[in-house]
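Working notes, structure below.
Residue numbering begins at 1 within each chain, and the chains themselves are lettered A, B, C, D and E in the order written.
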């Protein structure tokens, strides 16, 4: 089916956002300590939907928070009472504005793992109740490489509403899902629209053209380009290459890349018990952590840094692909920016893959 | 303003949070075995009365007290902590309380810096003979912390206020 | 030519004028030029420090601050009382920068106190900065034959932790200078005994007794004269000597010299320049001993001040 | 899962009256790990302990909590009850609900009950993390080292040796005897000092269990209680003690005269000498600083006259090693140097002497053959002024403490003066007369009556010379006037001060010393002869000034401590000590820095499983560790834990309420 | 400040003489003019080495890495870096004989925006205190007891308690517990960090604000008297948290109350918590 497209301008979009903020529980990039995080906001002045990609954290925490309560128990001599935790604050009806395409895409990737052998109901609920409004970037950042990966950025349908900046200050809003369609219809009032192209009718053609043009310019701006298929293939063959040792030399073994990554989804379970009451939490964990694979008996299959890096690269570009058919990477480059020593996943996989060629 | 505070006990660090009317603070007291614990025993044998808010943990020496204990107490049960050891020069283990003294000062100042009222973290030297002093210390600490109201900063979520 | 910042103090222009003028003669020979502190003020002695702490510190501090503007690093003070006030202030200020800052606010116009100028009594200056040997070298007219008892009084070496100079109980610096001049310093146990100066006006009888004992002991030690380095000591022992003699019924006839008078004399200045007529007790009798050397007495009195015995001996 | 039994005591009415014991039991029963909880009237009684013993067996309990009085009171009792039931005694925790709750909250039963519940919860939580601990046993070397051969060292050595334990007695000077050998008669009985001391000195020399090493110093002590290794430097004596017969030909002929230390320089000795006629061992040594043969290579008379050929100018210092299990330090004291009293003319006036000099003068074998003489002119003094508290109780010039013995020895001196110079008169300037001791006050009273000495209460302000007399000016505070005494001789009762080498010795032994330099005891009241370092004990004035009877008592106490330590082949020790998890130890060695007992040393371990490469980690010697936990709290890696007070135990306590 | 040439020469010489197995320096990161650490084992890579005012990272951090452990290492250190090296040496973490240290008399480094870093503006010890070879002109003079008050600390200390509590709550809330701070810190070399040990994870294992508070408090107390203010942690923090505040606060307390030297300036000085003075303040204790 086809979805509506609306046209507006900067003030119009601003007013639209304000209306959304006023009427819905809305998450948007809000600045704190010089970086943007998706926070619950109520006024447009508190947030910046156009936040720069390099300084904006992903929307992963809104679906997979860095620490979530999974259960509560009271243990006494009478037995152990297990109870559900209080209502999940992330499972209410909500809107996300200012999400980037890579953010939206990451959910598509994560959906696979969360709907695999075990259906994560918490995740499901959060997903279902969220409308994602995603603005297409105008320019790629130094570390972006989304266009080089296995998804069609231009025709991405991972968001519910797509926002594209057109020429002459025009802004196009297009629904990409049914949820988005309903949402737009309900919330985008006619007064906000400019010109005659306020609905799907009229010069739909010209909107299509403009959006294509915008994408072409955007795609042009990428510094990093690669052939993901080649990388997938080569990596799968060179498990034992010493190149991993070289690329991982600088790594300080912190967890930053994984915590920041919109697709990394490893977690640990921990209990915190005070008096008789315990809370069980599910929190981020990272394969770059030396203790990630430490077993109870003391054995650690990945004690060395290069093995952990191999796991990270392989999981992203080989194993996940094999199992779910997707790369576990959306090319956002956030890990490179966050890394204390700026190790780039792009460089790592390309360097290792090209070393494969030389051999 | 003054009157309001009297009517409703609020947390000094988070004034928007109001304590239940029957709120009583919990104070974690960490005492060294040789002087302060013995001193607190003497308070008992002398039947000197003091407020019942303190919960006492025995350690061999004030130098055994890791700042962890204070942080963890404040994170969970305690509205304030009191650490007590031997007077300078009286340490059963020669120099333990001197090392402890440095750690205490830095810990206290750091916790105060990040938002805890300084009276929530208190220290005393109480000798084995100072039963009355121990009671005085507990009375003062309890009084101080009652004035500060319940502690809410960084509390564990499953911690239930009494 | 060396330069020395000089704080004359009030008595230098009054009762102890002869101290001041002979000091300048002696220093001329020793090649030292005095630079008066410009616009110096009262040290506050005896009155200020019993009244208010602030004033007692502020008065000397003003002088210290002014002295810091001169280039010299040492300030010499003739009067023991002035020396005492100045030194106490300096030591306390240096020990307690907070106090210094507070006191400084009173004399803020003169400048900031830095603590760069050291304070010394003239005796200390002679002994430490010039040295006994250079003094000995300048002697042209030896005082051999003259036996003197060196009287230091209470302020030049005490309190020990303030002055940090010589011994508070049995000082020897002046004795050594006198010996360098050729005179003989007698073994005198009353070197730092109280002369009663503070009661000079209020309870003269006490002063007569105390000062009388000093004279008595000096005579006992065989001295012809007493040497001092403090104006108040001089005036008490000299001016009151007739009263003392009357009270105790003894005739002492011991003139009281300033150390600088003897120095100037030994350095060859004529007696006419030394203002001896200002003395109450005539000096001529004592000075007549110069040149008369009694070998027996010499042997008996001149003992090493600190005996060092040979550790071992071989038969 | 842990199975905890909780036993709540009524303590008669002591606990039960002020808090609701059954309610505490009910609350405790709610705790998941608690499988059994009961109250009883007197838990410490035999039936009470029986309850515990039975419950341990019946309910298969894994740890026990007794809620009763302070653990400082009955912890041992209940541990024993656990032992009796076959349970490890360290699985016990005591909740102090009496001293910490019922007795201090007598007016608020509810609050007291609530608090007792919390204290029980804390104890239960801690007990869950308790581990089985076992008494530590350390093998001991049954040989004692005594440092110092004064009366303290002699007494300690003899007492230990009499228990058939080998003793190594090290004395710095050529002879044992110490200060007591310099004394004439002793207060309050006026026994002749030499007469009572010399038999003991001879006993030491001939005792089969005592190895006497004179003219030697301890230069190193390593190891820990029961297992020390001492290095002892024997100074070159240049005389072969084995061949020397002690005939004395050498020192009679020696041409070099040196001030005699034994007589405080009042007369001369030779460069080859025995310190005094009754010296033990009675063998001479050569004073290398003054012997012309050793200094300039000229002389050699002693070697010529020595018939057995015992003189050996080539002799070198020798370092020997002894393995020992315990150390008794008895280095005695120094007389305080009165030089700071410049107003008295100390150093200028020859006729001012110290009390020990007076002691030597009146001693029959002293430099003046027992008659006090003025050093200046050798005349017999008639008026003698004794000034007490020279250095003692004087913060400005001396030391703050009272030297304890001066009052008594000055009293003795007035008597001795009276005996030796019948027409003399003694004046005593004093601050107080402190005569606390058996027969002491009587002694003072008798002396005052017999000698008719003039006692003047007040300080001396000045001494000056008038003719050949010393004028002593002081205050008589009782009449409030300045007095002047014309003295022929002034005797200064100088203070007792710590040996100046004590700080060095303390560092060498790893023990502490106070601001005056006296070695510190482990506890001023209850452990007065032990140091903080296990196996090192203190006897005599090296710990604080004391008189001879006290010194001897302390020496014997040391001996008893040493014998106790050596009673078994191994030493038993509380297992509450720190242990290191070397896996977590990062080897920063900060713990070594803070350990007051030098219980931590370095160790090398393989870097990984089966690896040959080594890394340095800390190692705690459990024999030495006293369990203070300083190292635990400073260990950033949390690699150290203190048994009985582990992090899990304490944190369990914190989060349990 | 540009020592690229000198460092390349020295590195080449060290490799040629066989004195080192690995050289730890800086290289340009490959996408802008900022620099990243370079661990060089192949002499051919020496020309990649650079050193300018963009050489920010404290390379001493790599002495705890498996790439340098038990190897002979050539290392470039600035003033602050050298202080952390001094502490590593004192705490027996590295052996001096295995190191060849190129010390820099550092004129200060700049952040991404080209601004001189705050710690460099406040720097009291710009010259390397440990080195085999010192590049540049020394400028520190007397190093002992120089201490400069941090403006942020002064400002925050004056803030009302409530506001300060709110400020720090936001800090701890924004901490994602990635531990980048700790891993970037050269002085966090423990075999297993206490925060990862069971004793801690049992009660502070989740990534909650409370746990972040616990972790950062513990961390800053473990660095109290040791932190050399290199700001590796702050630069590594993906949440841009003002971590230096915690360290600077401890430093100011230690300096003002115990009159200790700056951390790592004096060889064999272990820091304030591992010694004591009888004169330490006692007035805060009842």
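Structural remarks
Convention: a residue touches a chain if its C-beta (ideal position, glycine included) is under 8 Å from a C-beta of that chain, and two chains touch if they have at least 3 such contacts.
What you see is a predicted model, and the numbers here were worked out from it, not measured in a lab.
Shared contact partners of subunit B and subunit C are D. The greatest centre-to-centre distance from subunit C, using averaged C-alpha positions, is reached by A. Interface comparison, D-E against B-E: more C-beta pairs in contact at B-E.
Each chain gets a centre from the mean of its Cα atoms; for subunit C and subunit D, those two points are 51 Å apart. With centres taken as mean Cα positions, subunit C sits 90 Å from subunit A. Each chain gets a centre from the mean of its Cα atoms; for subunit C and subunit E, those two points are 61 Å apart. Rounded to whole angstrom, the centroid-to-centroid distance between subunit A and subunit E, based on C-alpha atoms, equals 33 Å. Touching two or more other chains at once are residues 594, 634, 647, 651, 655, 657 of subunit D. The set of subunit A residues touching two or more other chains comprises 272-275, 279. Residues of subunit C in contact with two or more other chains: none. Interfaces, counted as pairs of touching chains, are A-B, A-D, A-E, B-D, B-E, C-D, D-E. Interface residues of subunit E facing subunit A in the complex, by the touch rule stated above, are 29-32, 34, 36-39, 57, 61, 65-67, 170-171, 174, 176-180, 182-184, 192, 196, 201-208, 211, 232, 235-236, 238-242. Those residues of subunit D that touch subunit B in the complex are listed here as 70-73, 96, 98-101, 103-108, 111-112, 114-115, 118-119, 122, 512, 523, 532, 576, 594, 596, 626-630, 632-634, 642, 645, 647, 650-651, 653-655, 657.
The touching residues of subunit B, counted against subunit E in their complex, run 12-15, 67-68, 71-72, 75-76, 88, 95, 98-99, 101-111, 113-117, 122-125, 137, 140, 153-157. Within the complex, the subunit B residues that touch subunit A are 76-77, 156-160.
Of all residues in subunit C, those touching subunit D in their complex are 167-170, 187, 189-190, 193, 217, 220, 306, 311-315.
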